[in-house]
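Here chain A shows up in two complexes: once beside chain B, once beside chain C.
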Partner chain A sequence: MIVDKNTVDYVAKLARLEFSDEEKEKFVEDFNKILEFVEKLNEVNTDDVEISISAYPMYNALREDEVKTSLDVEKVLLNAPDKENNFFRVPKVVD
Partner chain B sequence: MHFKSAHEVRDLLRKKEISSEELTKLCLERIEKVDAKVEAFLEVFEDALDTAKEIDKKILSGENLPDLAGIPMGIKDNICMEGKKVTCASKMLENFVSPYDATVVERLKKNGAVILGRLNMDEFAMGSSTENSAFKKTRNPYDLERVPGGSSGGSAAAVAAGEVYYSLGSDTGGSIRQPASLCGVVGFKPTYGRVSRYGLVAFASSLDQIGPFTRDVEDAALVLNAICGKDDKDSTSKDVAVEDFTTYLNKSLKGVKVGLPKEYFGEGIDDGVKKEIEKAIEVLKDLGAEVKQISLPMSQYALSVYYILASSEASSNLARFDGIRYGYRAKDFEDIIDLYVKSRSQGFGSEVKRRIMLGTYALSSGYYDAYYKKALKVKTLIINEFKKAFEDVNLIVSPTSPSVAFKFGEKSSDPLKMYLSDICTVPVNIAGLPAVSVPVGFSDNLPVGLQIIGNYFKEGEIISLAHGIEKALNLNLRPNV
Partner chain C sequence: MEFEAVIGLEIHAELSTKSKIFCSCTTEFGGEVNTHCCPVCLGLPGALPVLNKAVVDYAIKAGLALNCKINKETYMARKNYFYPDAPKNYQITQHETPLCSDGFVEIETEEGLKRIGIQRIHIEEDAGKAIHEGEHSLIDFNRSGVPLIEIVTKPDMRSPKEARLFFEKLRSILLYAGVSDCKMQEGSLRCDVNVSVRPKGSNEFGVKTEIKNMNSFKALEKALEYEIKRQINAIKNGEKIIQETRRWDESKGQTIAMRSKEEAHDYRYFPEPDMVYLKVDDEWIERIKATMPELPDEKKRRYINDYGLPEYDANIITSSKELAEFFEDAVLNGANPKTVSNWIMGEVLRTLNDKDMEITDVKFTSRQLVKLIELVEKGTISNTIAKKVFAEMFETGKDPEKIVEEKGLVQITDENAIREIVNKVLDENPQSVADFKNGKTKAVGFIIGQVMKASKGKANPQIVNKLVEEELKKR
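Here is the complex of A and B:
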């Protein structure tokens, strides 16, 4: 047993997700199975191994700082669940 | 007509034996007839006929057109096309309309492609059976009781069932090659960085790569010609010369060194699959390839590395879905945090949530070193092992999938069982290598695919071997649907 219901609650809070008690139980079960499986990595000695982000050398992609056209405001707001004038509308966040 | 290859159809279009409009109508009729059974499409674009008519005008005016001009195709529903919905088969994006074209779509349009619709997939490309779609169940054209594989199940099934001439999918851990194998079509995952990911909805950015589903290897070469190349909008796309991949067709395979990694033929591979792969290897030998056994022991850790890295990246990439700027927003909520929580919990399906949770856990304080960093270190060892193998051989072959198409529900209740479907394909994504799945036979009347893995940017060498074996086998790939 690597994780319990408390861990699931904690991780769910971090991930901004909520679950029913039934879902949480299933999660604890699935989570432990998957984590036990990935524990297999502990068999590998990586003491002197560097991490890899990419398989081949990658360099920062730099470009001139030029003004270019970007998406129109109407297009940006096209999919907004709630909007007013040229803004996204959200619930009140400050008192 | 429905089962012709794209290059055959191109020749008919050029000889004016058929028009693009007629061809597009034939595909629409075919979709009307078989998609009620196969359910590959999430949406058919009726305005595709307008594109076809424009292409016909150009053909009639004698204009020299690209290979793919006027040929109907489909895109996986995680690739953005301006003015069209892109849903990732998720409730989260059910009504999302893309304000721009993905680079691959821009390139397809430049090549005159007739984009016929959006194809079903596992939600946010997470899955190996397309059962995780929030909208419909795509069926395998060879047996409607079985899955088409995933996550690009719709893209594979639509090509296999003769609904379109080719399609695009995306491959993060096998999501092109595995469904291609299960549906009896060619599925190509190019080298990481070959094809721009701009406009592909991100799942795991260090692993995702777009590639084609086609009816034969020559078509794969044509589609790669159209979509490969550096793009300033994707800083991970690589500035490597894009050759004409068709020059790699019809090559002698004499002296080509092919490695068989013994770990990919061991436990967990079905006997029927093994038998077909072994037959294919005999064919390669007959064609003059020098086949030898190699060992890639680090591959056994690839699936663990994959589920940590892919889930971690997914948890970060999918943080953008908060119900504010686009996507699903819950109806009732108490405050801003509750809006995030309810929108995400109601909008995402269970596998997506499972991976976000796993990734969030792997990246959380106190566990980051044990999981994420450890996985990146083992990734180094997997890469090094492949690099060393390619000092001795040109190509590596293995089964694509450990089994043929399985039944609905057979693996969906146990995530780990489902994850094992990707055991042969996942190491390739971790190393960022190119690979194809090419049909080589049938087991219990269901298609079996051979995976051919190449060195970085050696897509051409893969095409030569795949084309050689395809010609030698000359399989009948027409499901009765």
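Here is the complex of A and C:
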């Protein structure tokens, strides 16, 4: 896969990030280098290897269905950039 | 050209767990704003989600109830998108590996039994709730992290009616299995639908639209009727159907295109690195199987085979878990199943319908209905009076014996008393007597009616019939 400026624009848009043209040029360069490096993995035959989601052979980290005390609403809202009647308040978003 | 619709549903059901899917906050509905929250469901950096075992139990149960295969090794995935009600900017869900797949539900259509395929059921977290107000959106994260199953059907439905029947049946199965309370008004059961049309007999799919925001069975059926008509008209006018998401506007009775996204969704799914594999073994599945109650289809067969109920009645009574429980309670209290069924199919459902109530709202008990049935069987009251007593019992929840006693409704079986009324009626209606003498047998019916009226419905109808005939002949 070759990354061009369009790819960078698309990924930036998905991530809601804005960059200058200069930065984008740099990203094109960096992304291609990274992909080239990762391409090396394709040299390994993985036909019989199952997909791995974790480096540790772990499964079923589960908890019992028990209710514990939640945070006080004051604490919940500590990081809120804006609030109203204990709601988080954000610019209007309707899809 | 004749068209047919191709319909598939995506249903979200909130599971009946006490705590959320990845943290110990309560799932209770209706709490004060932002009071059921913690670092995990607020998506604070460094918080680690840990899967609730009961979520897996309930999802397996739903899968078994919907005849699915349970997939033994699955993992969670990240679905990335930006929306203020999703605090992490991704949703933890399942993508390549749903917990359950390849099931089916049978529905009773006019053309007979039809099987609707279930493609998959996966577990995921719910988002918070956004209220839009003026220039702002207000966010409450109490619902964030409430466990959901998403049930995706195959595109097997061909009419709005079938979609409704399927959705009703699915809800009933989920309620029987006890995996969700399925309260549509509280959003614990939600339905999106995909629909396209094509020339009848074609094997290809047309371009589909997705409809959201239908919060009742009726809305689902109406939205589909509207959308199918809209698509057919568009095609007939040579227009192209655009793949888009539309919203059902209940007040306008229309589906309306939602602001179309500038680019197609690109959720960039990848395995959730904060979680480990989920492995389910046979023992676990068997343990859940053992807790499975009798489901509506089995119950229906038992009512037909063991109780001799007509299929139609069995279908209606088992369509609601509570109604079936009411019926079985009455049978356990010693009443004849067919008599109970007749009462339920008649007075009970009719009154519930009239008053727009559910069986769970009624004031009287199944034991009281049995007492009422016994009063009729013993001959204490007639069927006609029983209906009056029922109406009173429905209103007040009073014991039927008490109502009969208070209102003096005991059936009159004393022949002398009835004969007296009959003669009084005959005296007052010489014309009817004359009509009878002239061969107009219809007059008998009128006289019987007058006698019943004079006795305020309390006279035993068989005795009235007999005595009217006797006394008429004497005249």
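Please note the rule applied: the second predicted complex is superposed on the first by the 89 of 95 C-alpha atoms of A that agree within 3 Å, B and C clash if a C-alpha of one lies under 4 Å from a C-alpha of the other, contacts with A are read in each partner's own complex, and residues count from 1 in each chain.
Convention: a residue touches a chain if its C-beta (ideal position, glycine included) is under 8 Å from a C-beta of that chain, and two chains touch if they have at least 3 such contacts.
Just so it is clear, the model here is predicted, and its values are computed rather than measured.
Colleague: If you tally the residues of chain A touched by each partner, is the higher count for chain B or for chain C?
Modeller: B
Colleague: Would you sort A:Thr46 into first (chain B), second (chain C), both or neither based on which partner it touches?
Modeller: Touch partner of A:Thr46: chain B, not chain C.
Colleague: After superposition on the shared chain, which partner residues are touched by A:Leu14: those of chain B (first), chain C (second), both, or neither?
Modeller: both
Colleague: Could you look at A:Phe27 and tell me whether it touches chain B, chain C, both or neither (first, second, both, neither)?
Modeller: first
Colleague: Looking at A:Ala61 after the superposition, I want to know if it touches chain B, chain C, both of them or none. Which is it: first, second, both, neither?
Modeller: both
Colleague: Could you tell me if A:Val94 is touching chain B, chain C, both of them or neither one (first, second, both, neither)?
Modeller: The second partner, chain C, only.
Colleague: Considering only the touch criterion stated at the top, classify A:Val3 as touching first (chain B), second (chain C), both, or neither.
Modeller: first
Colleague: Is A:Val73 in contact with chain B, with chain C, with both, or with neither (first, second, both, neither)?
Modeller: second
Colleague: Check whether A:Glu84 is in contact with chain B, with chain C, with both or with neither, and answer first, second, both or neither.
Modeller: second
Colleague: Kindly list the residues of chain A that each of chain B and chain C touches, one partner per complex.
Modeller: 14, 16, 51, 53-54, 56, 58, 60-61, 63, 71, 76, 79, 88, 90-93
Colleague: Which bits of chain A are touching chain B when the two form their complex?
Modeller: It is residues 3, 7-8, 11-12, 14-19, 23, 27, 30-31, 33-34, 37-38, 40-44, 46, 49-56, 58, 60-61, 63, 71, 75-76, 78-82, 88, 90-93 of chain A that touch chain B.
Colleague: Write out the stretch or stretches of chain A touching chain C in their complex.
Modeller: 13-14, 16, 51, 53-54, 56, 58-68, 70-71, 73, 76-77, 79, 84-95
Colleague: What does chain C use to touch chain A in their complex?
Modeller: Residue positions touching the partner: 17-19, 24-26, 32-39, 42, 44, 50-56, 75, 80, 82-84, 130-132, 134-141, 258-259, 261, 263, 266, 268, 271-273, 275-279.
Colleague: In the complex of these two chains, what residues of chain B are touching chain A?
Modeller: Touch list, chain B to chain A: 95-97, 99-100, 192-193, 206, 232, 235-236, 238, 298, 300-301, 303-305, 307-308, 315, 319, 322-329, 333, 335-337, 339-342, 344-345, 348, 350, 353-354, 356-358, 360-361, 364, 371, 373-381, 383, 415-416, 419, 431-433, 456.
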